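Chain IDs A, B, C and D follow the sequence of writing; residue 1 opens each chain.
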């Protein structure tokens, strides 16, 4: 079965999961106490207005009708409905909130790769040397430091005492690359640290395993320099399990994004979801949970495809 | 329809886009006595403007008499706001941050000045009929609307705007301010007449909050959508909005306003309202110069700005006050002695210091310190912390140790701190209470349904005593969440609303009412928070108003 | 000038249980064009000896003594850089387990060509900095064939020489797409790319079935004849030694206990251990019944006694054997054995009453079975 | 005699983790902590934190909720107040000590909830396989596709903010991880002969699950429990940071950190010490979890970092 067919099969697999997520996010929120209208307005709004709004949003129709209507809008014309209180179009809200989150998650993953992998190599090559113990301890530290505490400390150091990076806001690197990158540095570091710890330990353990493999000795017997043996032969093999770890931890990364967006005031989908939960904007919440789940599924797919690309032994069955 | 309240969020950390700051203008003088242009109460330069009453001769404009000659034109002022636009239609929005932006885009007949008094904006003068039932406003001529309307403002636009506000289908949160209006009509191009069935003293102040003027036929305009593209008469035109990030407005060339020497306003080319929810972050950006002006500086950081030579910290008494709300029908709080015990147990000074770092003034009543009504309405027998008296009252009452819950909005840490202080001080007099942070939306529903014992929450933006007390303490009114009912107080509030006499006369009713309210403790008033704003020294000629509303029409940037 | 002259080579492993003397005072020589076999039970130190020669022993293993003269140059004094120039260039090495010895994520052609490129056989096709750096894994590059066509073609040619059919196509495939035999041929091709003077083959055919084994060994012999290459063949298969080696060294417990020409050693084994080894081969002619095993088991090489290591299992052990490690006693021209019997007067015990008593047996087909993990 | 060679990792053969019969648990524990210094260090830290939590009332110099705004608002660390005081004049050291109580309590109960829900699901899915396995695992995937923190926030915001709801929310978000770990443990043990033997003598599925399979799956579950404890504490402090954690005045590290956000510059100690407390506790659990994994369950070293 060719690579293309494998990809198609994986994409089709996303369908059922998205269906499950949409059902839960739609159902759970609609049926909870304090229906959308009462909660959104939150005041002793006079009954007729509440009734009128329920009519207007068709909230009195049976559950499945409303669910199919909602999903239909999304699938057919990408219309996620309206926010209740200010009639803002949810689709545009989601559209504007998605890029910052993607930039943040991607830069977080990048940080985790560019810190985690070299650190993993250093500590594997210097196995049981001081560098190894130091790197491992830092990795544990990275894993244990709460990202919001790290974020606050980074703000304190890098935008208060030594003001080089802005402490909040988001500029899309597409519009203004320099400013864009500057605003992303601290948040990316905050989000990426924990994952870089996981990547580093994964890289270290898989490298140690690879070093004991026969083909490494063959490479050395061919007269290759130590750097070539490590960077070309060993790392290429060790990357395979490490890549899957980054993919597996995307959920962890996304969790971190929600909090980091709050600290650095990045108008991403994490913050949108958090505000939607607190202000009971159900349409926004349902839409954003669906988008996050889709993001999640796509990343898992990307990890698998990268895995198949890196390891020629994988057959696409 | 409701006017929800606004809690501490606006002060410090992220205002979760939930807050509703209601601006309600205080009632000016009523009809009969003509009052020549009233100059500022406490010597601050006030705009020469038409006062209330007949024959007010409002001259051309209301800019403070700064030295306009040195004013430099151009530049972009970046303002750090607490949250993004919650909507773009001024008739449908109540969130503080949103209204602060729309204030610079839309115009209104009457606005509030530094002394919280109504002054003319689109209306040059106005008069009231002898029976106080008909208000007639003269419109300023030559006022242009923003593109794509780009035409002169006429009475028809004003009539259209108020009919839109009164129309239930619009679903405007401001509607209850204007329901007393029986009819609004245009008399020619530049005169608008409002008719009432009974006198409505606070009308001028109601106009100054929420009475925004939209072009006629805005809802079904073909070439723009009013919900996305605001079209007003203000000094700046809506340019762009990026959700949760920033809103840009650019100077309106045909703006009617001019400065003292007659050169056109506004001075600035553009204003960018940036969303920076974290108070600390707003401050950092202000210090680093990436923003020029910052709303609500966190009190905890205010001291560090005092000494700064590049930043001006403006600290004026605000219109936002915190209070302990009692649910007077919910045992054991139905016993007034327990409520009094609670009032005597609380030290307002420690709340001002603990929760607001000293940037607040203790209060016994809902009258803002800066308000002209302050010295006319006051509680004769004020409360202070007296633990012995509190304990004796508690023993007298039929309270026997039940645990009271204090509900507070979880999004507003300052108020959660107040709740913790109150809980501690109640504990010291034998009243056990627990703090229950709840999602703000849910909490408001609980307060409406009476599903609470005590609550820490606040009101803001009130300038007229009617707004401070009528809807809160009159039996059965929408905001009487304490379920408080006292005929005498109802009687006094109704008289206050319809009183024809001058301010002293009208104040008398409220002064009596507040004494009864203080006695029966539906509320324990705590403190009025200072209105803190800060801007770089390059920002010139900014007028800081107690309601916190930023008007950039006559502001200019140096260098 | 002897191609390879190893003397006094010792290697130890410092483990938690103590210091394991894996290789103990080994002397060995290989002439150009000659094939020398090292034979012994698994765990006798055969592989470690070979790896020690090339400096491929990593901690906790350390080469503690001896000289490894290759073409007159002592490799033990050579810098790592110099060793890298020699490995794969002047000395080629083939390992036992083909399935494990090729990098699974690189094409076979690339791995073979790499041997040539590393030693700059074709100017300008050397390894560039990007390939050496970590970034090389992330930056997509043109296929190996386009980047360095000459070394690729040479690799394909080498694959044809070792008998791999359709080498152009096979070169682009990955190791897991090769059979065991083909992989071993690829390994040999890789080792011979730079036409080394010496080839060290560590159990090259152990993992293969007999027919493939024969083809590989014949191919090796042909290549050796063509190139006048010295071959050091490490095996536990006495049959292989007989067919391919000129001289043989028998190792036991890290020591060479006997060394000499194949004819001498097989005809008249001078060390009791060698005799037991040879008697383990079931001789169809002799038609013995049960094969006899050597009593006891291989010593664990930790703080060995100052005596003949084989004494505990030797039927002729006597006091002399326990008074220090015996030296190489000359038994004939170019035939030595580390046994005190040759020092003492009188007939050798096995000469007196005929061959029979030293039979020992192990595996069925004359090969000593190897436990998993003998490397 | 085996030639020790370059191979440094010993390949333990045999499917599944080493069986952990109940009786020998103590002996196994001794072996674990002897073998892995990491686990020992982790144990020392975690036991230290638990002791602090248990004896907080004794150790703490002041009452953590006693306010003293007039004299002691935001005092720098001094002999009197080793960790300084906070905005309401409360002693930070006492609050950090009492905070340990809340964190441990939330962590343990949340993980308990996750195990109570996740382990049975995993057992059933792994043991019966086929249709049940598919549905349970797909359901877990759906729960997995929400970032745990959002799920927890939604639950707390909707169910109301109480310590119990916080624990329940975090517990539910970790159920899928335990289901997966248990399932993979069961799958590898199910093929063992002693399971077939038990089935052969007529044991009911339930008793096979309880007596034969569960004890042999305990090791990965213990390892997962330890690591999840670390992340549960992290999750509670994150929720408190967002104002959704356990309600005041119970001192919670996350809330202390959140409250100090606005005077990080002028009073950094109010943020530093709670932050360090969280970090040290989680470091301890991570060390313990890692050490246990290396000794009890060596195959399973690709365990994802757990999601918060």
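Here, a residue touches a chain if its C-beta (ideal position, glycine included) is under 8 Å from a C-beta of that chain, and two chains touch if they have at least 3 such contacts.
Everything numeric here is computed off the predicted structure, so don't read it as measured data.
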{"item": "Central chain (by mean CA position)", "value": "A"}
{"item": "Centroid comparison with subunit B (C-alpha atoms), farthest chain", "value": "C"}
{"item": "Chains most often in contact, by C-beta pairs", "value": "A-D"}
{"item": "Rounded Å distance between subunit B and subunit D, as computed from the means of their C-alpha atoms", "value": "48"}
{"item": "Distance from the mean Cα position of subunit B to that of subunit A, given in whole angstrom", "value": "41"}
{"item": "Mean-CA-position distance for subunit D and subunit A (Å)", "value": "22"}
{"item": "Centre-of-Cα separation between subunit D and subunit C, whole angstrom", "value": "52"}
{"item": "Subunit B: positions in contact with at least two other chains", "value": "278, 280, 411, 439, 442"}
{"item": "Touching two or more other chains - residues of subunit A", "value": "155, 160, 217, 262, 278"}
{"item": "Subunit D, residues touching no fewer than two other chains", "value": "6, 157, 258, 261, 264-265"}
{"item": "Subunit A-facing residues of subunit C, complex", "value": "51, 54, 56, 80, 83-89, 92-93, 95, 97, 100-106, 114-115, 118-119, 127, 131-134, 136-137, 174, 176, 187, 190-191"}
{"item": "Subunit D residues within the subunit A interface of the complex", "value": "6-9, 138-139, 141-142, 144-150, 153-154, 157-158, 230, 234, 237-238, 241-242, 254, 257-258, 261, 264-265, 268, 271, 275, 278-280, 282-283, 286-287, 290, 301-302, 304-308"}
{"item": "List of subunit A residues in touch with subunit D within their complex", "value": "16-17, 20-21, 24, 32-33, 127, 140-141, 143-149, 152-153, 155-156, 160, 194-195, 197-198, 202, 205, 208-209, 211-212, 217, 241, 244-245, 248-249, 251-252, 254-259, 262, 270, 273-274, 277-278, 285, 289, 292-293, 296-297"}
{"item": "Subunit D residues touching subunit B - in the complex, by the definition given at the top", "value": "65-67, 69-70, 73, 87-89, 157, 160-161, 243-244, 247-249, 258-259, 261-266"}
{"item": "Subunit A residues touching subunit C - in the complex, by the definition given at the top", "value": "117-118, 121, 213-215, 217-228, 231-233, 235-237, 239-240, 310-313"}
